[in-house]
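Below are two complexes that have chain A in common, paired first with chain B and then with chain C.
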Partner chain A sequence: MRVLKLWRYPTNWAIFRLDDRLLLILMAIIVGNCSGVASVILNRSLLAMSGWLHHFRSHWWVFVLPAIGAALSCLFLEKIVKEGAGHGVPEVIYSVSRYGGLLRFRSSFSRLISSCLTIGTGGSAGPEAPVVISGAAIGSNIAKYFSLNDRQRVTLVGCGAAGAISSIFNAPIAGMVFAIEVIVGEWKSVNIVPIAIASVAGTEISRILQGNQIPFGHHLFKIDLLNVFACLGLAVLAAAASILLTRMLRSMHTISHKVSGPLWLRAAIGGCAVGIIGLFLPVVLGEGYHAVEALIGGRYSQGLVFVALASFAKIAATALTLGWGGSGGIFAPCLVIGSLVGVTYHHFLSVIWSSALWANEGYYALLGMAGLISGMLQAPLTGIFLIIEITGGYEVILPLILVSAVTTTLCHYIEPASYYLKDLVEHGHLLRPGTDARVLSDLNVPELIERDCIIVKQNMLLRDFIHIVQKSHRNYFPVADDKTGNFLGIIHLDDIRPYLFNPVMYDAVFLGQIMNTRVEVVHPNDDLLEVLRKMDVKGLFSMPVVMNNRFVGLISKATILDQYRKELMVQTSH
Partner chain B sequence: MKLTINEVARCLRLPVTTVDRWIRQGRIPIQKSSNGYIVNESALEKWAAMYRLPFSLPKKINTQLQEKRLENLLPAMDRGGVIYGIKGDDVETVLRGAVEKMQLPLASSKEKLYQCLLEREHLTSTGIGKGVAIPHPHDPLPDTFEKPVITTCFLEKPVDFNAVDDRLVFVMFILLSPSIKIHLHLLSRLSFCVRDNTFVEFLKTYPDSSAYFSKITEFENILDRADNS
Partner chain C sequence: MDHQLLHIFRNTPVGRETLLQSIYFCKKVGASPVIYVPKSTKFLMYFENDVVQIDLDSSYLTAPETAVAHATELVEAGGLNVAFLEPKHYTASTLPDIPTTFDYMCCPRSVSDLTSKIGLGYIGPRVRRIVRSARFPVLITSSVFKPWKSIAVFFGGSANAINALRLGFQISRVSGMPLDVFTQVENSSPESYRQVVKDENLEEEMDRYVNDWHFFENKVFEENLYDVPHDAIVVLGAFGHGVIRNFVFGSKMEKIQSTLSNSLLIAGPNYTSIH
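Let's look at the complex of A and B:
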């Protein structure tokens, strides 16, 4: 019985009396392992799926395969687990911003299955975002089980994401940087330490299960100054490709919404289109890791026009898959598009200046990948570390940093919010810790109400009111109806100063006559941002809070500043 | 001592809802377990200092509240006593006579007190009308007086004090207080009494001290009732 009780209330365990950081590190190991296993499972099932479907590749009707896969994944998400399509990373960021990282338990497996269906049948999408959401959901649910608080839960969500990325790419630093840069958005040691531990755990579990291998093999490149400068041109090209991909994804999304019919049918249409493209350019199908490997290794022997066409085709296929309702991420497509763009650029350079000693095309493919990742995610560090780790090519670090920096800047110039954050920013849901929006969304009106106001009655004489003024500490006096007690208006001392010193008025004026009835009021459930906007527009310093026609209290800028400052101090300094 | 969540909120001068939210969000070192909150007082104090948040334990708040209750007229008047038959024809001699007869904690401060009162009198008269004057130093004298003192001085014959209504002054309340706040508090109560014409008429009968103090008690009761209503 006692054991049972112990399991029901894990917060009573002695371990929770331990240091907060130690506890988080222990949790991070568990979360990192779990999400690492999740990504290994997805990886394995994708391999199994492609092996199983390999026999159908020779048939003429092969182009309907992606359609079937996308439709099935869409049906699964919509009917069985009741979750939205898409890649899920914005959902994780949203829940981190708004709900302290609360995620549903079913999110920890739903995207794995749906993305496996989409990608395994040839849809152009990546398996990384699905494992990120799975890992994040695993972290969130472990935190929920142990009833950890919001901050700890957010850290564990980051741990899950870090473990997933580390495990799927065998890249611990990239996982860690991605989780902090994109998911958590807060560079603090309380986050960094557990997330780093989770990355280690995730990578280790994947190495145990699948062996330690660098995903795309290591190649040596000869890089001179000319090639370093040439990468700037590639950065521009990569930025253009990321912008094109972002725009295409969004426009496909809007177009698909105009098509009437069930969601699965839309997904099937998108999948079918991808299948048809795939008939002519098989490079666009699936997550495309083989293509990336071939491109880096310089084994992709097609000419300039063909590679350029393939880049466009991959962009279109990705937009068709994800925009029309397939399930998967943009990580892997970005790598493929990046390497295609890089090789295109290399071919282009060789054509216009064939006598120069260009580095081989693998070098440019690598830089292109970094450019696309940095441009799409607008997360330069993730791009740099990911490419270095998955290719094992530390010697390209200098041009890599250049390309990442330039691409991020250019993309940020044209698209101020990255692909992940765009929707969130548009709806005002991106609330990074320590920002104005975050503080305002955390504070709410009931916390700011000052209740020490003296409510006066409508039919009170000015003489009686003056006695009340003598004893009060405030300049505002809400006026209520004598019978119903409803809020009628407010008296501000500034407004009635002339009457206060005129004894003739004392017995001649009722408060109902001198109160201000046209006041802006606030409801306790109002958004603080909205309240502040009203105050700014009308130049008010205080507003009455009224609920169900009753005066509740006063909200003033002075109290807001006081609380705002405390909130900001607690949120930021560490 | 174990703090409750309400006490923590009071210590931090925050609404309870904010403290509750901070616990949920993990911003404050208070843990929530199945049987309530676990508050570690010293950790909380350290945390508040780190974030530079105001934090004071409830004990201190209580003492502050006690300080807030200011003394009323009667104890101050009792301390100062009533002096009858001050001789003199002008402000200076009357004041000097009064100061000489007053019982001060230090004899040497009499000259200084006289100078202070005179200085204030030069600024503008303290005769507030109806034959009453309230001489007092311009600045409080916290070194000399720990508690406020009001000495009631009845003059032998009315003196021209340059009062606002040009009436001759027959009674002075020498008001000495350790702080401006107490000074204003007592001045306000005293002026409430003087505003009443019956009180001034009563003073003109040169009452003995017990009758005088009981009259003051009456007025104090009226004032207290008005404050509490």
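Let's look at the complex of A and C:
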């Protein structure tokens, strides 16, 4: 029994007591492997499902397949696993921001199954966000099982996300960068080392189980200065596509909520619409990796108008799938839309300036992919490293950096928060480590209450009060009702100053006559941020905390600052 | 009076009984009830090292238009101030986060099953998760409101039992109710239990608060439980042992909850006493 207890608490092992980074590295290997396996399972399931459903593609009713998939996915999430949450990545960031990376166990498998149903039947979504939440939930639950602390748990959540992305794309650097840039939001060695190791573990698992190959074929491009400058125009186009996709996703979500009916029915409506689009433009169906391969390889032979139309159609299909209740992520759609936008741009350049020596359309497809990823995620490093790793195209690094940087900047200017972070920022839930909001979120009013106050009664004479003041070290004195004990007001030393040098008043003035009754009060459940805002607006240094009309204590700026510093030191000490 | 009890209100006759228990408990221990009227059947509770999703039985959403009025009426009739909890944070739009910083929480035996399933011997999985993870004790109410007149603490000598004993002292101190301690003597003498109390420096409190310390010598624990007053609130620790030990030797908490119909105040393994 003792051995079992010791096993559950590895932080007590002698080797890990020396340096807990060793523990994190061990855990990172476990988490990276588990999330890598989860990615491989989803990948294989999608392949199996698309192979199984391939026979039905020739039927006229094929457009209902995405509807059935989306409805089943929705029913699975709502009725069987009772998830009640969105497509995942914002939930992971939210839990990292606010609850030390605590994620439900069911999240480690629920999105794998639901996204398999949605994408496998033709829904326009990607498997990456589902594997990210699965990996993150695996990391969180392993940390929970071994009773690790919040900080270690957050790192393991990052490890899970890194392992998942690394495994699904066979791209360890992109996985690592994504986890740190998007999920954890803190570039510190205490995070970077375990996350890097988890990325390696996830990638290795994928290579062992699926073979070592880059997802998209490597192509050589002849790039001159003209093509480097031309990518600036593509960056603008990619930014526009990113903004359009972000807004369409949100508007579809809003529209779908206006439709009365069960969630599965809404998902089915969205899926059906995607199926109908897919009848005319099959490129919009599924995760679309085959289309990306063709676009990069220059084998997508359609003209300017058709490719532009396909870009819009894919944006619409993704918004319909995800906005109406289907399950999946935006990574793969971004790659498809980005490559379509890139090829559209190439065709456009070829039309308006046909005599120039433009690079192959695959080059622009690559840049478009990086632009869309960077624009949607507002994470330029993730965009750059992902595209380099999944295409092996290191020679395009300079224009890739340029497109990612410009797209991110433009998108940030128009939409200050990325698609993943928009809701969190709007609701004040994005609390990155070491920020003011994060420090304050870890403090609460009850732990800051100063309770050593002397409560006086309203019928007390000034003379008696002066005796109390002599013994007290405080400037504020709460006044309570004689009979009920209810809080009535507060007396500051300044309030009695006019009477102090006039002893005649000592037996003539009652505290009820001089107390300040128009006092801003705080409830123990109030947010500290709100309390500080009140103090700033009213120029207050202390406020009484009142609950059920009873005085509980005082909260002061000095105590808040003191605790704030301590909390900041705790949060930034690693 | 700055202690708070979280109550998830169910706007049904069964829910009314549960709320009456909460109100009575609050009056006795000097706590204020904080009532959450759920708007969806799911919510999350983030504890220190666990997140628990509560999937409520759909009866919790019964007649939402009268729920607040019914709860207010009952609490005010009990002479307490009513406070409703409005979730400030949401993990997803239909998934509110309910704070876990309360001093007590009141639950029926199950929150996620139909009320027809609730009975002796059954504590729902969600309620168990809350007890396991919470820093506060959980009041698991009997099916019908019955004012309790005394406190019965089950003490088996474990760390959790010590916590339960301290909780019993605290309830006895603030409520002024008499307290009895019950111990099933297992493979050791009553002296060994007294020694545990002595080692924990609880002798003074034992003398001050405890009316009588009953030692059950009869090996059949369930038969001994008849001696527990029918109108006592039963305070006990739970989930202090591992799954394997419980599987092999059985759990006292399970035997108590499947035999006694009294209200139970359970201190889980993460319970930290309040002052």
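Rule of thumb we're sticking to: the second predicted complex is superposed on the first by the 550 of 574 C-alpha atoms of A that agree within 3 Å, B and C clash if a C-alpha of one lies under 4 Å from a C-alpha of the other, contacts with A are read in each partner's own complex, and residues count from 1 in each chain.
Please note the rule applied: a residue touches a chain if its C-beta (ideal position, glycine included) is under 8 Å from a C-beta of that chain, and two chains touch if they have at least 3 such contacts.
As the structure is a prediction and not an experimental result, all values here were calculated from the model.
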item: Superposed partners chain B and chain C on chain A - clash or fit; value: fit
item: First, second, both or neither for A:471, with chain B first and chain C second; value: first
item: First (chain B), second (chain C), both or neither touched by A:483; value: neither
item: Chain B versus chain C as contact partner of A:55, first or second or both or neither; value: neither
item: Partner chain in contact with A:446 - chain B first, chain C second, else both or neither; value: both
item: Contacts of A:518 with chain B and chain C, given as first, second, both or neither; value: neither
item: Touched partner set for A:152, first chain B, second chain C, both or neither; value: first
item: Which superposed partner A:570 touches (first chain B, second chain C, both, neither); value: first
item: Chain B versus chain C - smallest C-alpha distance in the overlay, whole Å; value: 6
item: On chain A, positions contacted by chain B and by chain C; value: 147, 444, 446
item: Contact set on chain C toward chain A in their complex; value: 1-2, 32, 40, 42, 44, 46, 49-51, 53, 55, 81, 83, 88-92, 94-95, 99, 101, 242, 244-245
item: In the complex with chain B, residue positions of chain A that touch it; value: 9, 11-12, 16, 20, 100, 147-152, 442-444, 446-448, 467, 471, 563, 566, 569-571, 573
item: Contacting residues of chain B [partner chain A, same complex]; value: 14-15, 17-18, 21-29, 31-34, 50-53, 226-227
item: Parts of chain A lying in touch with chain C, wherever the complex brings them together; value: 1, 4-5, 82, 84-86, 91, 94-95, 98-99, 102-104, 106, 144, 147, 427, 429, 444, 446, 524-525, 527, 547-550, 552
